[in-house]
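Structures incoming, each one as structure tokens.
Below, chain A partners chain B and then partners chain C, in two separate complexes.
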Partner chain A sequence: MPTAVRSKGFIALALLPALILFVVFVIVPIIWSAYYGFFEWKGIGATKFIGLDNYREILQDHIFWRALKNNMILIVSAIVGQVPIALILAIVLLKNSFFSRFVRSAVFMPMVLSTVVVGLIWGYIYNPQFGLVNTILEAVGLESWSRAWLSDVKVNMFAITIPINWSNIGPYMIIFIAALQNISPEIDDAANIDGAQKGKKLFYVTLPMIWSTVVVTLVLCISGSLKAFDHVMVMTHGGPAQSTELLATYMYNNTFRVYRYGYGSAVSTIIMIISALLIGINYILTRKKAD
Partner chain B sequence: MKKMQKMSLMLLIMMFIISACGNSGDNKKAEGEVTKKDDKVKLTVWHNFAGDDLRAKAVRSLIEKFQQDNPNIELDAQAIPPDGYRQRLSTVAAGNELPDLFFVYAGSHSAELYKAGLLQPITELADQNPDWKAKFLPGAFDPYQFEEGQIYTAPMGMSATSFLYYNTAIFEQYKVKVPTTWDELMTAIKVFNDNKMTPIALGNKAPWVAQSTIIGAIGERVTGTEWFKNASAQKGAKFTDPEFIDTLGYFKQLVDNNAFQEGANSIDNTQAEQYFIQGKAAMMISGAWSLTNLAASASEEQMKDIDVTVLPSIPGGKGDANSITGGAGAGLALSKRTEGATKEAALKLIYAVSGPDAQKAIAESNSMVMYDTDIDQSKVSSLYYKAFNLVKKTNITPVYDAYLSAESGEVINNGLQEIMTGGTLESVAQKLQDAQARAVTP
Partner chain C sequence: MELGTTRTTRTATASPGKKIAEKGLSLFGKLILLGYAVGTLYPLYWLFISAFKTNEDFFNNPYALPKEWKIDNIFRAWDLGDMGRGMLNSTFVTLTSVILTLVLGLLAGYVLSRFQFRFKKIVVSLFLAGLMIPIHSTLVPLFLMMKEVGLLDTYGALILPYTAFELPIAIFLSMGYMASIPKEIEEAAMIDGNGWWGIFGRIIFPLCTPIIATITILAFLRFWNDFSFALVFINTQALKTLPLSLALFSDGFGTDYALTMGAMAIAVIPTIVVYLILQDQIMKGMVAGSIKG
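So, the complex of A and B:
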């Protein structure tokens, strides 16, 4: 017992520096920004306490709701796009052959690229005059489908999800590969002896074994999609006419372009609340499945 | 007892942190004292001439020369890329850590800093050099006279935002007259479209472009400057007035007649310039910055076909058709906290980068100035020389976002994109009116 107590003390001591950094640079700013949200403040000059007015205005602004809807599109596309594709790739590319190593690197590649580069590349791919997408569509005779992908307000949000998914699949695939490698070969053999075929093995053996990893990736998907900012900033600036505005770009524009620091702080607080809610819901849903 | 130990440990660590913070503050003070004893004047300046363009190089060499000429001044000049400049400046302004001199833009940017009590006037510099002040073009100090008889900076350039660039070869090929009236412009657009040629190149991804280059110029022609200034001040005019709906209507006419290439809202300004210079569009409406960009990127062959003029007149308009939107450019402003010898050094630097020699040097770097100076034709590009002389003959009228509040600026920027994607004129006008009314009434 004494050693356990002592080691507990040691653990606490060892964690302390990280904990202090976390509190000072993460927790305190969150509280700070929630507090600024109660003020009308231009970033410079006097502040004026206005209570909940900022929060009220946000909830009444239809651009905010559009931004939230766009974020939801990103979340859904991440959950139905990134996670399953990453999982399938991980299962297919689990073997350590040259070919699978090559494909693995290729899939991981966009993650290494700066998001600005990804945004620029896809900006060219979607370019209405000489972009790859329209050129291919014209080449196969689907000219009527070609359009200005990033400025046509009916499709641009969906067009944006593709590069985001493309650049995010890599890390999820690596996470899944690591999880799959942790399944001990005995279980694999036992499943084979019991006659579990490919599909059955996947759903009744493999998936339950790595379920905690799947939950983690879902959380990462949700929080990543709510934080999404850079791709959109590079490709469309949230436009045209705020049609691809996300919560983060909405916050950025209000804070740094319109100089409403108080309002921007309130938006960031709301983003945090929405994040926490969604991750909570995800936790409850996935826990039930695990039982 | 264990608890006590832990508590005391925590306290100890807390004390370290607090004392660490305290120390750094003391160090700063000590440094300040040393410089005073040293006789060397320490001067900090932030500007955004960080790029590789001719103008940035010209200004940087002016600053370097100042440093060589004044060995007793210890100059700390920071060049910050324009994209993040305003954000960084507002961050240090919020922390009350502004440098002695900093680059400010005309319009809402400098006005906000003035309202926050962070600037002090540089009028004494102008009083010492009356000849210098007299040679600025009319209106050069308008955006910087926050109080009667006081000026807060001297503009180092001029923004001229609405030239009509056109490709003479394409106009000749399709036998189209360079438009001087709105009807001629519409005819030209139709002919080009019939021949599958983009009439006007526009890159409006960053949504200030259409506002800065097009709507201000149309607005001037339809409503006149007087109306716009009244509407901005919300005195006797509103953005929901029929004049302004008409202004937006002319813009919508351009959109409806496919004057711009497809997807104009998804490419940026530089891409549009490239599209135009490669001969894929007959015209481009853009500011003086395109002169610099084109001079830097286009070949001699491409440049020889390009000419520049003002936008066409609009029938029945109340304003001046021989005009270009623009105004005083940015300049260096003096922080309120700068005093004594540092202030003298700061004023000296302002004169070094915006005095007569500096204005000439900037003008000869293919960049417009708000100063009456003669330039050496051999030193500048021929297109710039044309534009420079064009500006001397035309009137300068307001760019919208220089007069509107920051929020209203965003509203009209987004509103023009909305019109391009099918929004109605009335709703855009209403939103602009609401935003500006909110900004004017405190």
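So, the complex of A and C:
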């Protein structure tokens, strides 16, 4: 059968370039880093097999735990900061009026900016001398609250969450608007006829209807927060005194600043495992609730 | 998940209850929303007015309009940061990666949506796994691998990983879209004597224009704005992309704030212009991509 032969040739030629590129640049590196995690290697010269020593050292390094905690702060801030605000905005901006379209496109705008620009401009907003935050505090007589927001170890991690939330509320809002538009009008009407109050309607009608979307946004919050790197790299480099270190910056600093490639590989593998675990846990938890 | 995009009919036939809900958005509510929108845009507004100030003006009145609008910062930033070079590099790397992503992604998506073959399930789940992989966990091994084969510090060091990481989204978006194209069209084309390549090139690819737009938008923003890959894989000044030339300002010209604002203004204008023209498509595209992701 010539056509069968021809389809086989087509399948191979059309699929293989994508498959090879993907495997070589995405899958192989993961296996590679799992493997190099067992070695001590400075990037040049001999590699030395050291078994689980890298992993042991990581787990005993309190900076690693701080980085993990900081990533958790980002996840919590995304879940309690981005998702509810996005949901509220979606509910009030559902209508396609000129006004809601304007607000929507303003809220979405930061998302298209480069993370470097976001990091730099917020670095200036937090600047202790001329920054907007301190200027406002002084203007309303709260001078005592003003501080160097990105250097003060008590608040800097929380200060970093704000620009990240600023960028990410827009897409979640649009996701929710799409989901809300898919709720059938009859259900909405039925709830209104039954005299459901707005708050009750939100919790007993609207939220359950879009629950699968809420789950998607929660997964996005987790995976997005674990990916965080750029903002911190630009604003603080993980400092001062490694107080704003994230898993990704911890990996970067250990690999490309002090050239411990084996150690960095082990950290990479741990990031993979943590994100798989978190996404798995979230999947199990939210599936139960949906039933 | 499909996005409800053509539901304009709903607002037109709004129920009485709906109308009450809409009236609920009182003047007070609107003012709060307006305040929120203005607050969101304020950092950008501040960036642009500061870009036209002298440093002295910036320090004395950081939040007022410029005393005198000066364009010097823009020109100085363009020269000092070698931003023309950065913009060329970004354009070249982004364009090449977008084209590669489209061609490879749609071809693979077509095969996976239309043909049955032995390892299909494994291939699909491999790409699916690619959607979950945290990108930074591959920085170290990719760096080492590319160093080994001499790919580091070349355009390829960005183009190949960009494309590879964008392929899963491109493939799943195009698979979903192609499922809606009736098979009869291909059968007719086959009778007309077209081979698979002809069918793909002459019929499927043109029919996929909407999803091509979505994939292009997603890929463009991701590649154009990427910082981490460029930071790790590119070292040569002549190959630096726009985000890297910008990051340089925060280190090298740390206290020349007006200059840095000028550099940021240059970098931000192209994206904002594209956003203002294509905002509906960008919103829809980014959401479709992030949900699939």
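In this text, the second predicted complex is superposed on the first by the 266 of 291 C-alpha atoms of A that agree within 3 Å, B and C clash if a C-alpha of one lies under 4 Å from a C-alpha of the other, contacts with A are read in each partner's own complex, and residues count from 1 in each chain.
As a working rule, a residue touches a chain if its C-beta (ideal position, glycine included) is under 8 Å from a C-beta of that chain, and two chains touch if they have at least 3 such contacts.
Keep in mind that this is a model prediction, so the values were computed, not measured.
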item	value
Fit or clash - chain C, chain B, common chain A	clash
Partner chain in contact with A:Ile174 - chain B first, chain C second, else both or neither	second
Touched partner set for A:Val116, first chain B, second chain C, both or neither	second
Partner chain in contact with A:Lys42 - chain B first, chain C second, else both or neither	first
Per-residue touch tally on chain A - higher for chain B or for chain C	C
Partner chain(s) touched by A:Leu218 [first = chain B, second = chain C, both, neither]	neither
Chain B versus chain C as contact partner of A:Met157, first or second or both or neither	neither
Contacts of A:Leu68 with chain B and chain C, given as first, second, both or neither	neither
Partner chain in contact with A:Thr236 - chain B first, chain C second, else both or neither	first
Touching partner for A:Ala148 - first (chain B), second (chain C), both, neither	first
Touching partner for A:Val83 - first (chain B), second (chain C), both, neither	neither
Single chain B stretch clashing with chain C - from 25-33, 61-69, 79-87 or 151-159	79-87
Set intersection of chain A contacts, chain C complex versus chain B complex	43, 123, 256, 261
Chain A to chain C touching residues, read off their complex	6-8, 10-11, 14-15, 17-19, 21-30, 32-33, 36, 43, 89, 92-93, 95-96, 99, 102-117, 119-125, 130, 132, 135, 166, 170-171, 174-175, 178-179, 181-182, 185, 188-189, 191-193, 198, 212-213, 216, 220, 223, 226-227, 229-230, 233-234, 247-248, 251-252, 255-256, 261, 264-265, 267-269, 271-272, 275-276, 279
Chain A contact footprint on chain C (complex, rising order)	1, 3-5, 7-8, 10-11, 13, 15-18, 20-22, 24-25, 29-30, 33-34, 36-38, 40-44, 46-47, 58-59, 62-63, 104-105, 107-108, 110-112, 115, 117, 123, 126-127, 129-130, 132-145, 147, 160-161, 163-165, 167-168, 171, 195-197, 200, 221, 224-225, 227-228, 231-232, 242-243, 246-247, 249-250, 257, 260, 264, 267-268, 271-272, 274-275, 279, 282-284, 286-287, 290-291, 293
Chain B partner contacts - residues on chain A that touch it in the complex	5, 9, 12-13, 16, 20, 42-45, 123, 126-129, 147-153, 156, 235-237, 239-243, 253, 256-261
Touch list for chain B against partner chain A, complex	2, 6, 9-10, 13, 17, 86-87, 90-91, 93-94, 112-113, 115-118, 204-207, 261-267, 275, 280, 406-407, 410, 414-415, 417-418, 420-423
